[in-house]
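Below is one structure, written out as structure tokens, with a few remarks after it.
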Amino acid sequence: MMTLYGLVLLPLLGAAVAWLTGRASPRAPWPVAVATLVLLAALLAYITWAVPAGGGPWLAHVSAPWIPALGITLRCDMDGLSLVLLWLTVVLSFPCVLLASRDIADTPGTFHALLLATIAGVDGVFIATDLFLFFFFWELMLVPLYVLITVWGHEDRTRAAFKFFLFTQGSGLLMLLSILGLVFVHQHQTGILTFDYFALATTHLSPVLAMGLMLGFFVAFAVKLPVVPLHVWLPDTHTQAPTAASVLLAGVLLKTGGYGLIRFVVLLFPDAAARFAPVALALGALGILYGAWLSLVQDDIKRLIAYSSVSHLGFVLLGVFSASPLGMTGAVVQMVAHGLSTGALFVIAGALQDRLHTRDMRRMGGLWPALPHLSSVGLVFAIASLGLPGLGNFVGEFLVLLATWRISPPIAILGAAGLVLSALYALTMVGRAFLGPPPGDGWPALPDFGVRHMAVLGAAMALLLVLGLYPQPVLDLSLPAPLPHSALPWGPRP
Amino acid sequence: MIATLMAAALPPALAEVPMPVLVLAAGILILLLAIACRRSGPGGAGSETGAGTVAAALIAAATLGLAFAGLWSPPPPQAADMARLFAADAWFAYGAGLILLSSGGILAMSWRRMAGERADEAHLLLLLGTLGAIVVAGSANAVAFFVGLEILSLSLLGLIAYRPRLPDALEAAMKYLVLAGTSSAILLFGLALAYAETGDLRFTAPLAANPAEPALATAATLLVLTGLFFKLSAAPFHLWLADVLDGAPIPVAAFIAVVSKIALFVALARYFAMTDLTGTALPAQDLAVVAVLSMVGGNLLAFGQTNLKRLLAGSSIAHIGYLLVALLSAGPFGAGSAAFYLAAYAAATLGAFAALGAVPDHPDLASWRGMFHRRPAVALALSVMLASLAGIPPAVGFFAKAYIVAAGMSAHRMVLLTALIVSSIIGLCYYLNVARVMMTPAPEAAAPAGATLPGTTVLLGALALATLLVGLFPGPLVQRTTGLFLPAAPGGETAARSHDILYAGAPPPRPRLLR
Amino acid sequence: MTATPAQALLLASMLFALGLLGVLVRRNLLFMLMSIEIMLNAAALAFVAAGMRWHAADGQVMFMMILALAAAEAAVGLAILLRLHAAGRPTLDADTGNRLKG
Amino acid sequence: MLALLPPLIVLCPLAAATILLLSAGRMPPPAARVLAAGAVGLAAALTLWLAVLFLSAPPPTYRLDVVLWHWMRVGGFDARIAFTLDPLSLVMMLVVTGVGFLIHLYACGYMRGDPDVARFFACMTLFVAAMLVLVLSSDLLCLYIGWEGVGLCSYLLIGFWYAEAANGAAARKAFIVTRIGDAALLCGLLLLATRIGGLDIATLLQPGHLGGGPVAEAAAALLLGGALAKSAQVPFQVWLPDAMAGPTPVSALIHAATMVTAGVYLIARLHPLFLAAPTVMAATAVLGLVTLLLAAGSALAQTDIKRILAFSTISQLGYMFLALGTGAWGAAIFHLVTHAIFKALLFMAAGAVILRVHHQQDIFRMGGLGRAMPGVFAAFAAGAAALAGLPLVTAGFYSKEAILQQAWHAAPLLWAGALLGAFLTALYISRCLLIVFLGPVRTAPTGRTEASMAIPLAGLSVLALTGGLIEMPNAIAPVHLLFRLLAPVLGPPTAEDAEGGAGLLLAGALAPLAGIAVAWGLWRPRAGAIAPADDGLARGARAGWGFDAIYGLLLVRPFLALGWLNRRDLFDRVPDLLAAATRWGARLLGRMQDGRVRRYAGWIAAGTVAALCLAVRP
């Protein structure tokens, strides 16, 4: 179904158009970007709708030769997991464009072009099943984001952008080594040189080799997710990035790490992943607690949110390595919910910075009377991010913890302790930013959220609520499609 | 068809000389005559200004084009292996093609600024250098190689010092003179030792007459390697490069960084064609050490630079290291990846220098601030080139580097690959830094004088387009570069037997019983 | 008595080492060029010796080549030195007055 | 019809809350008041109707399951959003909606003049909805929604007046402390879900499904942790006194009548599980007793009227936990009901007083208010009597009696403690009453208590006095309406009064009287200023026995201090080190190119020689 390529090509096309029109007039790019997103959503809806009923776990497939000499093809497949994350991408790119990038004054054409290019790269990552193609997209999506941060970021943007790029690119090269190692082992066994995911999944690996290759992938995805102690790029980047980029980073890009862990670590190397699981679980618990702990003591509100992401995504690691459909689906739900809640929080933090020209919570406080709408929305999403039952985050966290408890209660207990800490930092943020007495002599008249913001964020809230009270559709979709030859880690071995 | 005519009209002695060499030689003679006629013409020395340069440029361009066309002429009859001077095989054809294209590109750059109004001799020297490079690339015999090498470096000397009364250029020329002389003397001595050991002048790594005492052969190989490494500016023989590129005019710097390096690398590969580089033999070990030093050293060197020319010097040192990795990972992909990388490297470096030439006399990084706002096209082109050098998609350098890594992986060059990854992460820093500097808005919009000359514009556009297109669709070029060059030791089985600590590889995979 | 190829090679190596040493220790550019010439000629001598070992003329051919090219190199080198002087470099000392560094 | 009502009852307040939230403060206050009170009143009416229907024609098993939808069903785990209507939940619903309605009515008057009353009522109605979900849900995970929901509403309402930083801190403290218990509860749910495969209460409680042994003990302990935190029992009691920062109706509804009793409800609902865990039962009883006594002691030393009531709430909840620990489920629920009534009454009366004396809360600044506001005085007196357990005429007497009797049968020591508690209770509440309403006037009250506040006071006063008559010891009259009603859920009423019932009854009746007498002796109205006792014991008691200080010293401070030390994230130093190393190497290599051609030649020679050495080495 060639429309899969459309998911990548359409945003690229839109990017080109936005860039060109941006040279003509500074107001043109925004509508172009919005139109592109609408078309993209329509295309994805079409793809979702056109899925053949009962056609097995893989919903769509397309392939074309790319570098035949090396057995590299333009192969893309889509299963429920990809579909869910694609939808998340599309949904979250709306706030980016509708709210954040509207008031970009400096060369808006380029800004929107880069934004759309990033979305294209992410889409590619979510559907590529040729390992080299995947790696290509994996590296490709960094570039526009780097430019976004470098040009439109905040005061310390250079260092942040450098860290972001170096960490991801360096770990990406490790992944390249693993990919090639797998490819050549496969070639050594079958004589066929191919980068095809499904073919490579049949490779028989000695335990040592499997562990080595798995680690290469794991490091790359762990940097992206992020996993403590590889998280150090994230707080700086999220803090310094422009709001739209922060939303995109927190909402979507981190999810590529979780996606990679599921698709390429656990499914390609089931045994190695199983042997590695104890370490991964420990790292997950560490991330949950450490992220929450550091988030608690931050003064910069965006930094606080960034560390809270570290904490939330620790649950994803737990879920992925809990080796059970429960954990996997929980991890996916957690990713979606985190994308929505944290994305919204970054929108709010960005709005605060636009109005107060500071992110320092020591200089905030008592904003509720001045900005009632903004503050209430902030409170709502803070509560969402502390995992209140009935909202999406809780479903993810509960499923993950349940899956974790089955294999290791102590880790699960640590995770539950993380819930307490999450309440601590979320309410601390609310208390320091919105409640309490205003500093000095009150606030001047500040522009509150308008209809646009309230509508978009309300939609996000509604999605979180639906996800929290009726997550069944996502749960049914989000179990990754098993591979033909190698079994799911929890399934029967062939 | 002119080429074929010339081939028909040739005396048999020249029959085995590849066509491009002949075409270039003929072109040089014509250009020489033209210049001489004009000088001795009624006008006197250089009375009429622009016309001479234009005519010379046209003649040079025509020559290069014909030579390029000559690549498709029927291969000359090969003499006996012992006696033949040239090896006009596919490897040579590919290298020569690259050289000619690069020379064409350099010709397209602006010479007026470097050579004033009288650039005609510069074009002559450019042709000479190209000739030398092609001879080097194609030489199968020590004599041919040495002659080619000397033609190359002598014309380079002329080019570096071409601009009158410019101390930097002269100092660069002086350094190049001394060091090139020294290194070529060392190389020559190595050739002599090889000749003494083997008794023939073939341009290959000598095999010891009696394996019991390989000292003489080894020494010969190493001395020759020294010469080659110097010209390739591989660490630790790299120190001259930054100074020379800094002092030389931009087109000449491009010529040094691209043409002569391509030629020398092609020759290097040919020199080791008969040697098994996969094992733990000594030249391989030497090459590996030099490769690691070049990758790390070059990138570190560029990391500390604020002068773009010196920065490019460091990056070209590092890329020589990557190329050596490709050369060392003999196997199904070694030569192919090397050839592919040569093309990517040539395009990107040429483009980078062309971009520098578009904003002349501003090699320092600080003066490039806000270039995206002042000269967006130039800045964009330079960014594309740097991305290609850094190996960032969608530029071609991304695939090229991945290809080399694949080659090294297939040959279990673990240590080399680790060095490659570490050094290319260092490399990212300074490439990204240049891009960042160009993105940061300049305090005052002081656009450097002078618009881009048409030649440079066309060149930049073409190169950027090629870099992106080939980066997106590398298939055809990969097809073209595979099977150019079959090393003696096909890597398939030899790849597995690498036990030296330097090449500690992954354990050979054992098929596992079904679970 | 005549020298054996081995002796000739030995002599060539000595000359070569001398020339290299000269390049390394002499600071006067002119002398450095001369040392390079010495190295080149040592190489040429080595070729002749090798040719003597194999009773082939290749060595002599190479010798001729080297002579020619050494002459060319010397010419260009001297020209550059003159240019340097004309461009206002006070001395022939290779270590002083270098502007390209770092 | 019957199946339709429970969701409808939940929907009423939920809809009101949604409307109020979406109105985003644009709704005029009167409309907000009417909407909120009306919605809760409707819920109360529907609940009454439901009760009538249910009791007139009870289903055979006395339970009615209403499955709304499947919440999550994945990997063998299945959680449903489902309600169960049975006597226990019915009683709880009656309390929640009935008392809730009266308090909403009261709040209409109390919150008059507050600018964003809409936000207030939004949270209040949302709380009622969450509480109803809590008591109705038939699946523990669904119950957890309500469990956290009420916590959230409590947070929002304690911090309702956000302008003072202290209120926000109190709200945060309340949420965090209870959240610790919630985490324990969640762990318990995980354990049960792992063992049973689901969290449906009915299946959970099927005999032999979980079995006894360590698993049951662990599960019960974890659930108990949640209950303790929610019901402000030792060691989690620290949050409730601070929670008085909220408006008084909030204190009445959330922190006296309903939310804090959620723990009691949870344990009663899951009592078979606790029966399988004797150790946990014992712990429950002991903790209940300890809480009871400590809180009563603190109440005796407080000067703030609301804090007195807060500590008394803690202490009364201690009674309930004591009952639960001794297996007297029915008695616990009975006391829950009566306590909800008279404690709400006390809070509302106190609120009325506070309004009249310009938000003065220090009882030693009040006095002689009885004459100025006789109605409020009467209401407060009724509530106080019920709290003290004045024999025969008050509801508190009967419920406390039931607990005392059960305690005696469980362990006389517990009984003795409880009796002492009864004495203390009477003592401190009489103290409060005497100082506030009798004696010389210290702060002149102004204004008048409006009808919307008076009506609930009156209604609750009646209930506080007569509400106990539904359930009496046999020694007085064999009336067992409540226990019989609850029998299908909580099992047949245990024999309270096998032997010595009369003696116990007498003791239980004398203790409060003694307390009142002592209080009269100590604080009977006399001229001149009176000051609170200020010796060390009193100060300790006033500070709640220093739990706050200990926690702050041992947990909060070290945690935050370490956090501050590591604010820059030690892992973040690693990249900097690498960068520094790179820069150093670059400088080194740059220095190699010093421009001297001889040096360059030297490197070339060195490289060659090194290569040669490498060659001759092997």
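Labels A, B, C and D are assigned to the chains in the order they are written; within every chain, residues are numbered from 1.
Throughout what follows, a residue touches a chain if its C-beta (ideal position, glycine included) is under 8 Å from a C-beta of that chain, and two chains touch if they have at least 3 such contacts.
Computed from a predicted model, the values in this text were never measured in an experiment.
K.L.:
For the chain pairs B-C and B-D, which is connected through the larger number of C-beta pairs in contact?
P.N.:
When the contacts at B-D and B-C are counted, B-C has more.
K.L.:
Measuring from the mean C-alpha position of chain B to the mean C-alpha position of chain D, what distance in angstrom results?
P.N.:
The computed centroid separation for chain B versus chain D comes out at 79 Å.
K.L.:
From the C-alpha centre of chain A to that of chain C, how far is it in Å?
P.N.:
Result: the chain centres lie 65 Å from each other.
K.L.:
Find the geometric centre of each of chain B and chain C from their Cα atoms only, then give the gap between the two centres in Å, rounded to an integer.
P.N.:
26
K.L.:
Approximately how many whole Å separate the CA-defined centres of chain A and chain B?
P.N.:
That gives a centre separation of 43 Å.
K.L.:
Please output the residue numbers of chain B that touch at least 2 other chains, ranges allowed.
P.N.:
If we look for residues of chain B contacting two or more partner chains, we find 174-175, 178, 182, 186, 242-243, 429.
K.L.:
Residues touching two or more other chains, restricted to chain D: which are they?
P.N.:
Within chain D, residues 590, 593, 595, 597, 601 contact more than one other chain.
K.L.:
When you check chain A against every other chain, which residues touch at least two of them?
P.N.:
166
K.L.:
Show me, using the given definition of touch, all chain pairs that touch one another.
P.N.:
Chains touch in the following pairs: A-B, A-D, B-C, B-D, C-D.
K.L.:
Which positions of chain D touch chain B when the two form their complex?
P.N.:
582-583, 585-590, 592-593, 595, 597, 599-601, 603-604, 606-608, 611-612, 614-616, 618
K.L.:
With touch defined as at the start, can you tell me which chain B residues reach chain D in the complex?
P.N.:
Contact set of chain B toward chain D: 174-175, 178-179, 182-183, 186, 215, 218-219, 222-223, 225-226, 229-230, 236-237, 239-240, 242-243, 282, 285-286, 289, 297, 300-301, 303-305, 426, 429.
K.L.:
State the interface residues of chain D toward chain A in the complex, per the touch definition above.
P.N.:
For this pair, the touching residues of chain D are 24-25, 69-77, 81, 141, 144-145, 147-149, 152, 155, 159, 162-165, 168-169, 171-172, 175-176, 179-180, 182-184, 186-187, 190-191, 193-194, 559-560, 563-564, 566-567, 569, 571-572, 574-575.
K.L.:
Where on chain D does chain C make contact in their complex?
P.N.:
Answer in residue numbers: 590, 593-598, 601-602, 605.
K.L.:
Name, in rising order, each residue of chain B that touches chain A in their complex.
P.N.:
Of all residues in chain B, those touching chain A are 387, 392-394, 398-399, 402-403, 405-406, 409-410, 417, 421, 424-425, 428-429, 432, 435-436, 439, 473-475, 478-479, 482, 506-512, 514-515.
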